[in-house]
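First subunit A sits with subunit B, and in the next complex the same chain sits with subunit C.
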Partner chain A sequence: MTSLPDSPPRGVDQAPASDPVLRVERLRKTFPVSLGRRRTTLHAVDEVSFTISRGETYALVGESGCGKSSVARCVTRLHEPTDGLVEVLGTDVTHLSRRELRPLRPGFQLVFQDPFSSLDPSHTVAALVSEPLRVQRRPHDRDLVAGLLAEVGLGPELLKRRPHELSGGQRQRVVIARSLALGPDLLVLDEPVAALDASVQAQVINVLRDLQRRRGLAYLFISHDLGVVANLADRIGVMYLGRIVEEGTVEEVLGAPQHPYTQALVSAIPVSDPAQRDSSARIRLQGEPPSPIDRPTGCSFAPRCWLAEDRCRTETPALVRRAGTDHPVACLLTGDPVGAGRPVAG
Partner chain B sequence: MSRLLRQPAVAVGLLGLLALLVLVSFPGLVTDHGPNTQTLSQRLVPPAWMDGGSSEHLLGTDHLGRDIAARTLHGGRVSLLVGFVAATAASVLGILLGLVAGYRGGWVDRVVTEAANVWLAFPFLVLAIATVAVVGSDLSVLVVLLAVAAWVTPTAITRAATASLRGEDYVHAAIGMGASDTHILRSHVLRTVMAPNLVVWTLTVGTLVVIEGALSFLGLGVRPPTASWGSMLNDGRAYLETAWWLVAFPGAALTLTVALTNLLGDGLRDALDVRTESR
Partner chain C sequence: MTSPDPLLEITGLRLEAGAADAPARLVDGVDLAVAPGEVVGLVGESGSGKSLTMRSVLGLLPSGVRASGGRVGWDGEDLLAASEPRLREVRGGEIGMVYQDPSQALDPLMRVGDHIVETLRLHDPRLSRRAARERAVEALAAVGVPDPARRSRQYPHEFSGGMKQRAMIAVALANRPRLVIADEPTTALDVTIQAQVLDLLRTARDELGTAVVLITHDLGLVAEIADRVAVMYAGSVVEVGPVGELFSDPQHPYTRGLLASRPHLAARGAALPAIAGQPPLPTGRPPGCAFHPRCPLAGDLCVTDAPLLELRGPDHRTACHVPAPEGALR
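After this line comes the complex of A and B, so read on.
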């Protein structure tokens, strides 16, 4: 094992719920854009809140452009959030500078979608995997690096290879091995298997599951693939146009989707058995999501929603538990808010 | 390295330049004559294999009875020294400016880009003449002038490559590990920009040897009697119709040097194309 001398002992048995690894509160991220002569703002992430406990996998799902990657980049502080709070391992990192973040970086690492562009083509695997250790001025030797590779199921014969000599799946495992080097508690996985073939996807998913069990890692798993998410996640947040519209455990959200958008996503999960396929149950969404620059008033899903009523276009629904649901949903039609849900300002 | 040498252009260019450097560094291998020793009784002696030639002077003598072989080799010292030193200085300056401009962006980038544009529009010879008129001609002045003449190309390619690398995921990944800008520039950017810069550097050596020749030809280079290929061409110009060997040998040496550096540069460009190989 490659547990580093100064990293705390880890394990799944460390009281998950009371020990949040990541806390995101009302996160907002806007980008200035200029359309011709008009200067305006793009709302990539709007009032997003969630927490992830030790050893837990929280999945953010949604179609491309919904802001899920912006959340990943705000959490790993490649972007600075416009507003809100990002707290990693009990430290508020929302507005820290690069220098201030440096000693905190080992606790949370990012895995990118594309294993081709996230590895410098001119370095060897040994140099790539040991880079975080060199950056953080920690001791590193061949055995340590070989141990990290072994954890993701790669042999030491790859140490001298360069990225172009590896397959896509091997590359992504090298990226994961690199992200483990500093002994993080949280991995932010931004579509880690989207660029891989289906058979290779399964291997990488298995590697991630093993690592989580062994190291007690928490995952923020960004994906557009509900099939993959159902396989790996504990809880799911469904994002639409910068907001979470439904949140709950995998069973709650995928078993009994409440928000019409989630229902549409769930109905699009491929079913392997043709006998169970029910083409009438497939909901086909019309049109594109509205632009995050000119966000519609009211529910942002209303323009594409087949159930939308007049009030949906004027009133913005909060992400709260509603009558008739067991988990928070941001849809007026699922019922009136009940209990102490998390209010979301409109 | 062995992969590089398997490229025939690289091997030929490199070996040719090495041979040239050895000859120029040790002129005694070819001739015992000093470059400035005048033997007025033996003026305008043709090369050894021609009628009237003597084995004493392999490539003949000039109008002051100086040995052409000795002068060509000693003149090569000046030309090559100036070419290599000035090209290296231009590359170092260009890489530094390009890295900063491409990585930082913003006003630094705008200043560097505008300076390069202004420089490209400015006639170099006018600057050279003005500088020599003010500070006089000297080997170090020549090196500085030539280095300044060649700064734009390495700056431009470094800046463009750096700016595009800045958006790579592996640079973001390094930031995510807590890497400093110095680490990113050194271990991710510099490596990648070195390959095109090496190619440009070789080609620049050739160009600068020619420019040095042109400046010396115009009398803006090294002071007589110091030989350089350009000043020899200038000296021999008057005798072109009667004694062609005065200009032929320094001219051939200059042409050969430029051909070899261009060969090496082209070969390196093909051999070092890391990008096409890795994708």
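After this line comes the complex of A and C, so read on.
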């Protein structure tokens, strides 16, 4: 076992995985950039693979610039992947044209962080929520739209309101109601609660959880907030500079993080109780992530890693299960690879 | 208020906007005291008045917002009544400012080091440009900017987000202020960078004795760094107390709701006990206790009468009509 497996071993043994809603294999997304006269390549996403089953939440976490939002944009095909595979409900959508995508659009929807910019301020809530139905030339009436609002906990009295008359939490619920209009199987949620006030954030998290249970939705959940992720997600992929460096269940990744970067992320979460302030030894990362334009050779995290050895700077670690772990970790120091990359339990 | 000899003592602060006969009360009778070297977390949601309260300290209220009552005591002086030249002395001198967005403090056309040179010489005109430059490099080094001599000659756009935040903190600390007002200083930052910035504020407090008012919506930051916490809701302080007590024995239903609804590692997969409803807009605040429409404990009195901050424990006050739970001091 020297590199990532060619065949997709992941998901094979998974209970509901005969029917993954989303399958991403060795996804790559690069952007050409010019720095003065120099033309070079930005590696936004590199060799990212994961699957999401019905009713499951897979969270991609990491800091700004790690590529998590680029993955979301490739999956929803706002970007065309450079390489690799994106399969939604068994259909390869990696390189489909806009026209070819249109009939598949109802199946997967993207919800952005900022509910204000994604709602046309001149439209009523009724028009906003029914918009996807009109675009797809599907029947829609007041009851249907009111029903969608009810699913996100909003009353029919909001139908005639416009976005500026709504609070931030109400706006984000309208966005979610609209994304439900066409009966999707997959929602791609990019920081859906990051812009919300604390007292409202919990409401929207609860709405998302209820919807998932009721409709069996699969979520690709993009977030930098590990508290939110811990509450909603089943599995987590931790990204650093375009690659997933650790993947597993919430318990595995947040409960017993193996990759030094994940350990630093978990360690940097503010304590929830001032009494614990000094009780745990904190890992303090120095510096900031290097640019995805000038990625270091070997392990991307090595320049900030307090454990890095010489080989870390030359050898790129594969994301596989290793001797010392029960889940895939891309770190040479965690141990030698075991088996062929374990199918991750859902 | 409670601390002996507070450095900053805001009492009965009222800020309003709009027509004089029917103003919107943005801040409605806020009391807040900060002792020397103390870190106070000022917590609240957007529109709660937390940022406006602290901007009034610096004479930086947005146009259209005016102080209609109260006092901002600063070492015996009332800053609400201070002249603009006096306020310029205070800003960046005795009181430093750190913002969420460094572009509010860093001029894109000015070298990073010159920001520090300028603030140093503004407050000490006898300081030579050359000596100020040296101190600017030291200040950047002190906040962990690598290669500070070279970096001081760069422009803000050549700095990464985390480095800009450090540079802004260096500007804020340049004149060894007695108080730093930090308004959501880490909200735009990644969690690992956020931890670095908190360390800088902690160091300023420990080594320079600087008091800090940390304006934030994030209770995690407060748990991490604050000595005392004031919780604001709809223009008023609803609870204030030592950080340990406020987290272990919160008295106001809003504070309890905020603490309970935080998503955290232990509450996996469970429904979060969310506070119902939405925070009111400053123009549509309910009568009585502004929290009553969302409060599970609200009674008749809460609908008609606004509660006052009352002592519930040593140095722990809350504004709530509902009697304290068993065991709380009255």
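Here is the rule we use: the second predicted complex is superposed on the first by the 321 of 346 C-alpha atoms of A that agree within 3 Å, B and C clash if a C-alpha of one lies under 4 Å from a C-alpha of the other, contacts with A are read in each partner's own complex, and residues count from 1 in each chain.
Simple rule for what comes next: a residue touches a chain if its C-beta (ideal position, glycine included) is under 8 Å from a C-beta of that chain, and two chains touch if they have at least 3 such contacts.
Source: prediction; values computed, not measured.
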Review point. Thinking of the overlay built on chain A, is A:Leu78 touched by subunit B (first), by subunit C (second), by both, or by neither?
Key: first
Practice item. Kindly classify A:Thr314 by the partners it touches after superposition: subunit B alone (first), subunit C alone (second), both, or neither? Key: neither
Practice item. Using the touch definition from the top, say if A:Asn231 reaches subunit B (first), subunit C (second), both or neither. Key: second
Exercise for review: With the two complexes superposed on chain A, say which partner A:Thr40 touches: subunit B (first), subunit C (second), both, or neither.
Suggested key: neither
Review point. Between subunit B (first) and subunit C (second), which, if any, makes contact with A:Thr297: first, second, both or neither?
Key: neither
Review point. Among the partners subunit B and subunit C, which is in contact with a greater number of residues of subunit A?
Key: C
Practice item. Look at A:Glu288 in the shared chain and tell me whether it touches subunit B only, subunit C only, both, or neither; answer first, second, both or neither. Key: second
Practice item. Enumerate the contact residues on subunit A facing subunit B in the complex. Key: 76, 78, 98, 101-103, 105-106, 109-110, 112, 114, 116-123, 131-132, 134-136, 162-164, 175, 178, 182
Check your understanding: Which residues of subunit A touch subunit C in the complex?
Key -> 63-64, 167-170, 197-203, 205-206, 209, 224-228, 230-232, 250-251, 254-255, 264-265, 268-275, 277, 282, 284-285, 287-288
Review point. Any idea which subunit B residues touch subunit A in the complex?
Key: 168-170, 172-180, 183, 187-188, 191-192, 274-275, 277-279
Review point. Which of the residues in subunit C come into contact with subunit A in the complex?
Key: 45-46, 146, 160-163, 190-196, 199, 217-224, 226, 243-244, 247-248, 254, 257-258, 261-265, 267-276, 278-279, 294
